[in-house]
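One chain, subunit A, links the two complexes that follow: it is found with subunit B in the first and with subunit C in the second.
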Partner chain A sequence: MRLFLLKYILKRILQAIPLLFIISIICFTLIQLAPYDAVDAMTTPNMTKKTIDLIKARYGLDQPAYMQYFYWIKGILSGEWGYSIVTHESITNDLSVRIPNTILLVLPAYILALLLSILLGLIAGANKGKVADKIIDGLSSFGIAIPSFWMAMILVFIFGYLLDIFPILGMHTVGNEESFSDLLSHMVLPCMVLTLSFMPELVRYVRSSTIGQLSEDYVMVQQAYGAASSWILFKHVLRNVLLPIITIVGMSLPMLVTGAVVTETVFGWPGIGTYFVKAIQGFDYPVVMAIMLLSSSLVIIGNLVSDLLYCIVDPRIKGMGE
Partner chain B sequence: MAGKKNRRIKQFKDELKRNKTAAIALIFLILILLISIFAFLSPYPPDQVDVTSVLQGPSADHWFGTDELGRDYFTRALFGGRISLTVGILAMLISTSIGVLVGTISGYFGGRIDNFLMRSVDVISSIPWMILVTVVSIYLTPGLKAIILVIGLFTWMSTARLVRAETLSVKEREYVLYAKSSGQSLPKVIIKHIIPAVFPTFIVASTVSIANAILMESALSFLGLGIQQPLSSWGSMLQNAQGNLGNAPYMAILPGLLIVLTVYSFNRLGDILRAVVEPKTSGK
Partner chain C sequence: MGNMVKEKNSLLDVKNLRTSFNNGKAKMEVVRGIDFNVQKGEILGIVGESGSGKSVMVKSILGIIPNNAKVDAGEIILDGKHIENLSKKEKRAIRGRDIAMIFQDPMTALNPLKKAGDHLIELLTRVRGMSKKEAKLEAIELLKMVGIPSPETRVDQYPHEFSGGMRQRVLIAMALACSPKLLIADEPTTALDVTIQAQILELLKKLQKENDMSVVFITHDLGVVATICSRILVMYAGMVMEEGLVNEIFYSPKHPYTKALLNSIPRVDGEKMRLKPIKGSAPSLQNIKNGCPFAERCEFAMDKCFKEVPEYKRFSATQKCMCFLTGEGDNLDD
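So, the complex of A and B:
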């Protein structure tokens, strides 16, 4: 049994590697297609032709494209992600500042959304067709249709302009960078937007999986024994509903980077989303490709992790014996 | 075939009678289509600048007020709806056509072709849509055409997967096997037998696809990467409204509500169509 599991894990990892490889080739090709020369990011206008040639040789930019690809991959793997052509800053440094900022928003919002969704989804699923279900399900199908930036604008108007209780821009008040409570109050609105926009799909998922579980035989057996319905719900159904949620959590891994692009833009939050949008607007190709490579790799790794987690918690997984 | 169609239409009507919100959603969609088409009947031209009535709140003259150039906001929202719906519908046509094409070819031929196409779908799906669509759009001149193409060309993957699964089961049915063995040409078998069989899946996928395309367009335009001046869509109107949120909050209400209601209605329509097409899986 153990061997089986190991074999499956190995097989899934081997499947993910070519995918990562192809994605990296696509990113590299797009950089090559872009109307700019990578050396521009490292030179200044008053350098002589000779110095520029030296820099080119040093970074392998005088080599044919496939050799450059290997240099590029080597750099990516050793943490050298290249330089922005607009600010000439190291992308690795920029990312290491901005990714934690985004995680600071996305992680609490996601955890809160997950907890609330499990609760609401269970309530709706257990009361299928009744008032509580109609309200929860109705609101979630409405929620799916709400663009997150519009929700952000409404909340900014209500809490920022009308009631004036929360700041609406950035991460800190100027001159108050060290204060933790100041940071918290800046986090409230963007986190609220993210939580509300993560919730609808999660609620729907928990609801339908609760409904599915309640029609299983073991529930009927419990009912026949006269168990209280709330006991069945929390003791048995919850456990089985939580298992598949692990897959969803795994697949949400890339959200830690790209989950808040629009929301960050509305609130001017200095995370990866604003960094990306600025790079797109300024045609900063190396930055754009770095984020594309990073986020797609996270999608692939997230899918891998969720598959592996699922087969560890539920070894009956189909297709293991393939 | 005709009898089957009539039965479906009848089921559709029954479903509408049973499901009040779905009926309202359908009426709303017809209404919004009509008023976008007949937007030119409004007494105010959408680009008429009027410096004497800038940023006025809602009144009897201007139902939803005026924007920072004194243009009638209601009229602009109607014309914005034209753009948003055009993007939604055209992007849906491109995306579902590619999806159906790739899905049927993949499912019908199987083997290497299937493997190649489905691995390509995997690769494209592993790039987050927001990143993919914006990256491709920097290689194109921004505007209406670019955004339709970008959304259409990179959102067909889920349709392709659905249609492929459907094709896999349809191609083993007797009538298809018979058509094949009786010497009908390949394109004929696909067009006459496979495509009609996957058509219901296609219809359901297309309503959801319009809803998603409208949401994507609004997000991109809001970020300034979509529809450009002088054209405006609901998303770009909201981008504009963001700057005036403090003094003219009403500007944020109308385009946002229109997006929410339109997307919601298309999703609802998709739900009832799904219930008609796959009665077993609708979970009712």
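So, the complex of A and C:
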């Protein structure tokens, strides 16, 4: 059985590789189709054609598209993601600074949202139609309808202006970059916005999953054998509810990069979100391309991870090879 | 046989049980005043079409009806004690311990993420207060008792590794785990194929004798009833149409519905004749009309049948029937 599991994991990983290549080709093609020449960012109007050709040759832009793709993919694979045509900074360096900043914001917010959602979803699902459910489900619908920038504004107004307890901009107070507590207080508002914007859909998912599980026969059987409803909920239903959540969590992996674009922009958080928005505004194609490739690859990897987790957690899939 | 029905031998007495569903707008009476008793050590069959209220009735007794259902009235006396007004907690203590139940679809009755053995172990530790270790040994014993081969490995397997018949055996093992006085079997063989059906019936019969339990066996299969039951209750639209010993029901049925049911079973012996299905379908309980619930489909229906519900008439100490046509001691065929 172990062998089967290993084979399956290997097979899934091998299947993911061509997919990643296809994604890279699509990303590259889209950029090639754009009405903009990458060399323009490096030239000035008074350069001679000869100089431009030299620059082109230097960056490999005189090569045919497939060769350029080849160089690009070679660079990506060796960790060299190219240069921003606006700032001329190395994208690899930029990303390695900004991704951790985004993760610092998204990860705690997502984990908190997940835990709260499981709790609230279970409560709502187990009390379907009662007051608790109506409140939780109603607030979730409300939450889905609220755009996160609006929620961010409201929170900024309340906590940053009226109560004046949390900073509303950036990651650090200037001159106080080493202080951890300063970082934490800067994290509170954006994390709160993210948690609140992640939660409604998760709550609804857990709620409907709980309702579905509670109508399963095995729940009735447990009732018929005198199990208390809290026992049934936590010892039987919970596991069955959590299983499909693995998929949701896996699918959320790209959020580590692109999950907070709006929120980061509102709070001026130096993460991928602000970087991405700036790149789009400045037609900074190599950066857009890099982030596009990164987040779409994370979709594939997220899928892969959740499939593999399923395979480990669900006895029905685990036993398939027997 | 007539002296079988004695109050002191009675394990379960149900009087005037009424259960209804309420979907917010309309109230739907599904169980409409049912009286019956279960004797110690007997297998009572409850027969009826789908939707006749059999399952809801036994679930009402156990207190596991859905949230939108309500027991409106009735007395339930288990072993001399009233249980209809017990608190939720007290009622829970009865389930599994005094009354156990097995269900129609063994494929969905076990939690797919829990080992078959864990279902038993949970129950044994909760109800019989065993330690986990003891419970596991007992679980293996129980699996052996219900005829599952190599129970030592089976105990650690997940439900999807069992066939339908084997899962039903696991559920029967769960039912026996706490040696209940009463086992309710709600169509336990309906979802199984015929050879497995016969095995499960044999097993139930054997276990009933060995453990001296009473069994309420719900089915819509008269053939199954004939194999294992000693007495039969014929239900229609939430009411008991006729009640009697197996011989009485099969050889001298009184109610037109019982007769119609018997006529619709194919026979392999005797003369060949066309099957006579009962015309129409079971009535919707949403708008109950006055009168006998079977009147609309009954060949012998009279004006009176549509106006009032007939009283029960007794034919023997064990047989009674609810029909205007039959007088006490009469036989419709004569």
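Here, the second predicted complex is superposed on the first by the 272 of 322 C-alpha atoms of A that agree within 3 Å, B and C clash if a C-alpha of one lies under 4 Å from a C-alpha of the other, contacts with A are read in each partner's own complex, and residues count from 1 in each chain.
The rule we apply is simple: a residue touches a chain if its C-beta (ideal position, glycine included) is under 8 Å from a C-beta of that chain, and two chains touch if they have at least 3 such contacts.
Owing to the predicted nature of the structure, the values given are computational and were not obtained by experimental measurement.
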{"item": "A:Val277 touches, of subunit B and subunit C: first, second, both or neither?", "value": "first"}
{"item": "Touched partner set for A:Pro254, first subunit B, second subunit C, both or neither", "value": "first"}
{"item": "Partner chain in contact with A:Ile76 - subunit B first, subunit C second, else both or neither", "value": "neither"}
{"item": "Subunit A: partner with more touched residues, subunit B or subunit C", "value": "B"}
{"item": "Partner chain(s) touched by A:Val203 [first = subunit B, second = subunit C, both, neither]", "value": "neither"}
{"item": "Subunit B versus subunit C as contact partner of A:Leu120, first or second or both or neither", "value": "neither"}
{"item": "Partner chain in contact with A:Ala228 - subunit B first, subunit C second, else both or neither", "value": "second"}
{"item": "Subunit B and subunit C footprints on subunit A, overlapping residues", "value": "none"}
{"item": "Residues of subunit A that touch subunit B when the two form their complex", "value": "19, 22-23, 26, 30, 33-34, 138, 141-142, 144-150, 153-154, 156-157, 161, 208, 211, 254, 258, 261-262, 265-266, 276-277, 280-281, 283, 288-289, 291-292, 295-296, 299-300, 303"}
{"item": "Contact set on subunit C toward subunit A in their complex", "value": "62, 64, 67, 92-97, 100-101, 103, 105, 108-114, 122-123, 126-127, 158, 160-161, 171, 174"}
{"item": "Complex interface listing, subunit A residues touching subunit C", "value": "129, 216-218, 220-228, 235-236, 239-240, 243, 314-316, 319, 322"}
{"item": "Touch list for subunit B against partner subunit A, complex", "value": "21, 122-123, 125-128, 130-132, 134-135, 137-139, 211, 215, 218-219, 222-225, 235, 238, 241-242, 245-246, 249, 252, 256, 259-261, 263-264, 267-268, 283"}
